[in-house]
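The structures come next, written out as structure tokens.
Presented sequentially are two complexes of subunit A, the first with subunit B as partner and the second with subunit C.
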Partner chain A sequence: MATATLSSLSRPGLLIWLEKITNNFLLQRIVRALLTIWIVTTITFFVIRAMPGNAVDILIQELTAAGVSPDDARNQAAALLNINLDAPAHEQYIEYVGNVLRADLGNSYKSRGLKVSEMIAQVLPWTLFSVGLSLLITFMLGIMLGAIMAYKRDTWIDHLLSNLAATLDAVSPYLIGLLIILLLGVLWKIVPITEMRGALSPGIQPGFSLEFFADVLNHVKILLLVYVLSSVGSWMLIMKSSTITTLGEDYVTVARARGLPDLRILTAYVGRNATLPLFTRLAISVGFAVGGSLLLESLFTYRGVGFLLARAIAERDYPVMQGVFLVITMAVVFANLFADFLYGWLDPRIRIAGGGN
Partner chain B sequence: MQPILSIQNLSIEYRARRGRVRAIRNVSFDVQRGEAVALIGESGSGKTTLGLGIVQLLPGTARVTQGRAIYRRSRDGAPSEIDTLQLKGRALREFRWKECAMVFQSALNALNPVLRISDQFADTAQAHGYLQGRALHARAEELLKLVRLDPDRVWRSFPHELSGGMRQRVLIALSLLLEPQLLILDEPTTALDILTQRNIMDVLKDLRHKLDFSLLFISHDLALAAELTDRVATVYAGKIVELASVETTFKEPAHPYTIGLINAVPTLKGTKEDLSSIPGSPPDLVEMPAGCKFHPRCPLVESRCKEEEPELVEVKPGHQTACWNWRSAREALQTHKVQG
Partner chain C sequence: MNALQDTLARTGRETLKTLKLLTRNKMGLFGFVMTILIILLSFGGPLVWPPEASANVEDINLGISAKHWLGTDFQGQDNLRKVINGGKDIVTVAFLTGILATLLGVIVGSVSAFLGGRVDSLLMELVNIWLTIPKFPLLAVTATVVKLNDPVTLSLLMAFLDWPSLSRQIRSQVLSLKQRDYIEAAMMLDLGTRNIIFSELLPNMMSFITISMIGIMTFAIYQQTSLVFLGIVPYSSANWGVMISAAERRGVLFNPQAAWSILVPMGAIVLFQLALISFARSLDEVFNPRLRTTV
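Then we have the complex of A and B:
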């Protein structure tokens, strides 16, 4: 103790201040997150430009084919797309980073005049809503069923659920989506799939009305079903193994010896400890689900981030792709950051390591 | 007065891939009210199984094949007898910790890592309709002081903030919360370093003087048992082979195994040559040797030992042993203890 105080006294004030900042757990994580985002943005910028067949070339070709001279075509394309074609890549990059910092992601090549940031802002809430809701349902369902499987280990109910979970986990989400459309929509005609395109029916005004919420749920329900079916299996299996491990812990045996009620042991002793590693996974899943929504949103024409990205890729709309990649990166990085803090908050042992107590 | 705990002809088996593991074989003994009995044996001799059996915490593969564990409760007026092996549901839950508390050998992981010590006390109290709030805090403070902990430091801590010895003492304090009549300590000092072990033993001795409970002390360490208990039951291959007071066990052991155990304990005056360990290792509980289970390791083995298993016979009042040669065993083997 005494030596530590002495050495910190002898150091200049600024240095101590700097040390305090670098030792701060929260700050460390945030700086690391921002660094990750910057690296991914940079890589995206250069990789997209290194790919053959870019949109500008295609636009110039189209204009030339329409009878415009090559030089005029170049100028027109540059004006349309608002880029400086003669600037070297690093200047374009610096300009791009500057724009990103001002939340300006540029304009779409294809839907001319539309700002990328506005396009993303339009679809992002729908993806966050559908992904968030489905993750919440999946998480709770997976935890409940996984705990049942662990408690009833080696009974018929465990065998049934384990096989079901392993099957669901193995089948690709896209296939489950197709199967749902085929069964519910085409063969049994239970759900009118075509009416469910988009995130909202035309003419419905967003607001706090029953009609609005009913319509939102109606459009999202099949997508939710597919999300839940395709990811609940792995949650069940993880929860089962985590619960089995926890059930073998000494403190659970001691809790029984202490005569605690079964329900208290299930929730505060087994459940609380068995779900600890799952919370981290949950937060990370949110990040990945934003990017992973591409195939399913296209399949159900649900106008979210994935749908926008799929279209941008098909149309080689680089600014939109770049923007969506940035959003996905940010989602993953911030979800990880959130997971770190969440875990530290839930597990007192981490709380100490983080210095946040 | 009747004993508080009577184990009668108890046998416990585990089902394993290789066959039935006969961990406890036809064991009978009593624990008198206020008495401390030690169960001594090598690891794998079945002593922990016995403790877990009494509070019905055996793993799923274990089965009680015969016998009873009669517990005589004395609280709330008329004394009543219960067979702890038959308890179910609420009655079992109430028996655990309130009548019989068990402190396990794995002290480091015995407390829920995500709950504060205060919450773990509150959980236990609430489960048995015991004190809450301020009254509970006061009672816990008293107990924590009794086990030589600083209540202010410990009460709001998480388990990982405490050392192994502190955690074990917290668990001992917690075990005394409901004033149990019977305390089972299963190797309470095994995972701890020698100084911490000393400290815990002092705490336990102190508690025995101050409080009124009966004790079943399970250990492999004869010296610790001698410090804390009144009587010693030596367990070998799931069976009690010798049962005597601490003094008799040390001065006049009659079973070759007990004699071997005592000769393996270092004494202050003895030299290294005086120490002898018992050759061989404990038997495989699935395929046990015929006759006396100790005969492959016994220096006094005869042909009879290989065929017939001896039962406990009385050496003198209060001293029983299960050996065909008990009359001559001590003289034949006790060459090392002359200096003592």
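Then we have the complex of A and C:
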């Protein structure tokens, strides 16, 4: 005890420095992000290798059933999943983590000869584009409509929007997707759904041409509509209650008493503070959108990550499943990290308090 | 034992009070009555209208008529009868998942809040990490390895995935309630931790817990029907999700005549989710006076 006090007295600079590091908001969040990725990697390892009825066992069974000899089946399964089955479990685990770190995710089981990492790289941009754009639109729309609902409390417009938001919030995304296809495509025939399959029309070359951008937008527009419809409801409701809470704050009353113009109160006093809690929601809704992409991309045959994962699941293509799941999680974790940084930058209290607990 | 009885009596009284307040809110009453109706029809309906055993070749893909109130499907079976018989699984899984996930969330959240210190930070760090992992893809991937033939396994798996956000909310609720005067008074009087939890804390959180549970239930309905849609959960029974997928696979989306066979199960799911949500929303308004008053 005495020596500890003595050493801390003799080196106070180092201790304070250490404390600053551990309390650093950004550093905490980065450590959390890395920890999450490590945990997910471990979970996938267990699902693939260690759990009863795991992927390797199923693969071996399937290959033997297809007429491959048991030894060959074992070797093939090991090669596909990039796992050395003869090594002890902990060595397998270390090798697996090493492979993931080198972005080596093994080979596809159904599409022979294709690398999982290459398959993902091909489709990832489309999902990032569609999910990112839809989040941006949803966020802005939700904030605007939510603020309107709060300002026009108990008028017909509030009741209409509130009920609409609650309905949209309650209904599953893929039901909204099905309904849109049924209404716009089948019954009213407004949109040619079949022509919109895929992310691009055949024959269109990617590049900085008007034709390319028009085609990209044409293929993504219905998907965007469904993404926005399925998540805008919760944003509207949260923004409404957050705005109502902010409107009751003293500084808003003071601003009104000072005779500031309404628009300035809305933007500088109410809007800024009311949107803050929404940034913490951003992380959850990224995960939600990615989960939805699994269904919506298959429904609209939009060749993104969700489509790839849904197909891999249907075909029981374990190497692809494992790879896509890892990449999806990493994308969500980084989106989270970004939201945390944004929140810390917008709200200095969080940064200073260190972690906001 | 006494504390438990007391809690039950209190909860009963609270529930009665809630129901009385609910009748003032039309949406909430609609949601409540609708939920009860769906539960009754799903469990009692099959006894009165058992499922049709065979296909009827003459009646394929019919529209609404006096004989078939909601049309027929690709096998010529009555949609109304099918939808009544397809609710049991969905309702069971929704309630089971809701209850299990809520239990987990309440236990972890209140333990975290009560113990505080290192346990609290460790638990909440785990919860934060668990929250980041995209649940539906994880569920879909796990479902390919775990056999999900019965509703109980499915509910267990979904509950295990869905509890974290609730536990974080419960923790902050308990922390804020602990600061209230009446809890501090009870602590100073040394009424015992169990007594304080069961007769002071829980009754005050009951409404909040119910609302969260309903949220988890609607999410469970979404996940369950989506798993069927992706073809992960086997087509063992004819529930609403299976009806939608079967209709979709039969090309209903490109045959306007058959639209009823997909609209009916969709409508059933939407109605159930809407009923639950509007019930929860009215509970929110009943218990959160801030939402009722104007600014």
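Throughout what follows, the second predicted complex is superposed on the first by the 283 of 357 C-alpha atoms of A that agree within 3 Å, B and C clash if a C-alpha of one lies under 4 Å from a C-alpha of the other, contacts with A are read in each partner's own complex, and residues count from 1 in each chain.
In the analysis below, contacts are C-beta pairs under 8 Å (C-beta built on N, C-alpha and C of every residue); 3 or more make two chains touch, one makes a residue touch a chain.
These numbers come from a predicted model, not from an experiment.
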Subunit A as common anchor, with subunit B and subunit C clashing or fitting: fit
Which of subunit B and subunit C A:Lys115 touches, first, second, both or neither: neither
Partner chain in contact with A:Ala166 - subunit B first, subunit C second, else both or neither: second
Subunit B versus subunit C as contact partner of A:Val332, first or second or both or neither: second
First, second, both or neither for A:Pro261, with subunit B first and subunit C second: first
First (subunit B), second (subunit C), both or neither touched by A:Thr245: second
Partner chain in contact with A:Arg349 - subunit B first, subunit C second, else both or neither: first
If touched residues of subunit A are counted for subunit B and for subunit C, the larger one: C
Overlay on shared chain A, then closest C-alpha pair between subunit B and subunit C (Å): 6
Contacts on subunit A seen with subunit B and repeated with subunit C across the two complexes: none
Residues of subunit B defined as touching subunit A within the complex: 55, 57, 93-98, 101-102, 104, 106, 109-115, 123-124, 127-128, 158, 160-161, 171, 174
In the complex, subunit A residues that touch subunit B: 249-251, 253-261, 264, 268-269, 272-273, 276, 346-349, 352
Subunit A contact footprint on subunit C (complex, rising order): 27, 121, 124-125, 128-129, 131-138, 140-142, 144-147, 165, 218, 221-222, 225-226, 229-232, 244, 248, 253-256, 259, 262-263, 266, 269-270, 273-274, 276-278, 281, 290-291, 294-295
Of all residues in subunit A, those that touch subunit C in their complex: 32, 35-36, 39-40, 43-44, 47, 51, 53-55, 58, 153-154, 163, 166-167, 169-175, 178-179, 181-182, 185-187, 193-194, 241, 244-245, 247-248, 283-284, 287, 290-292, 294-295, 298, 309-310, 313-314, 316, 318, 321-322, 324-325, 328-329, 332-333, 336, 357
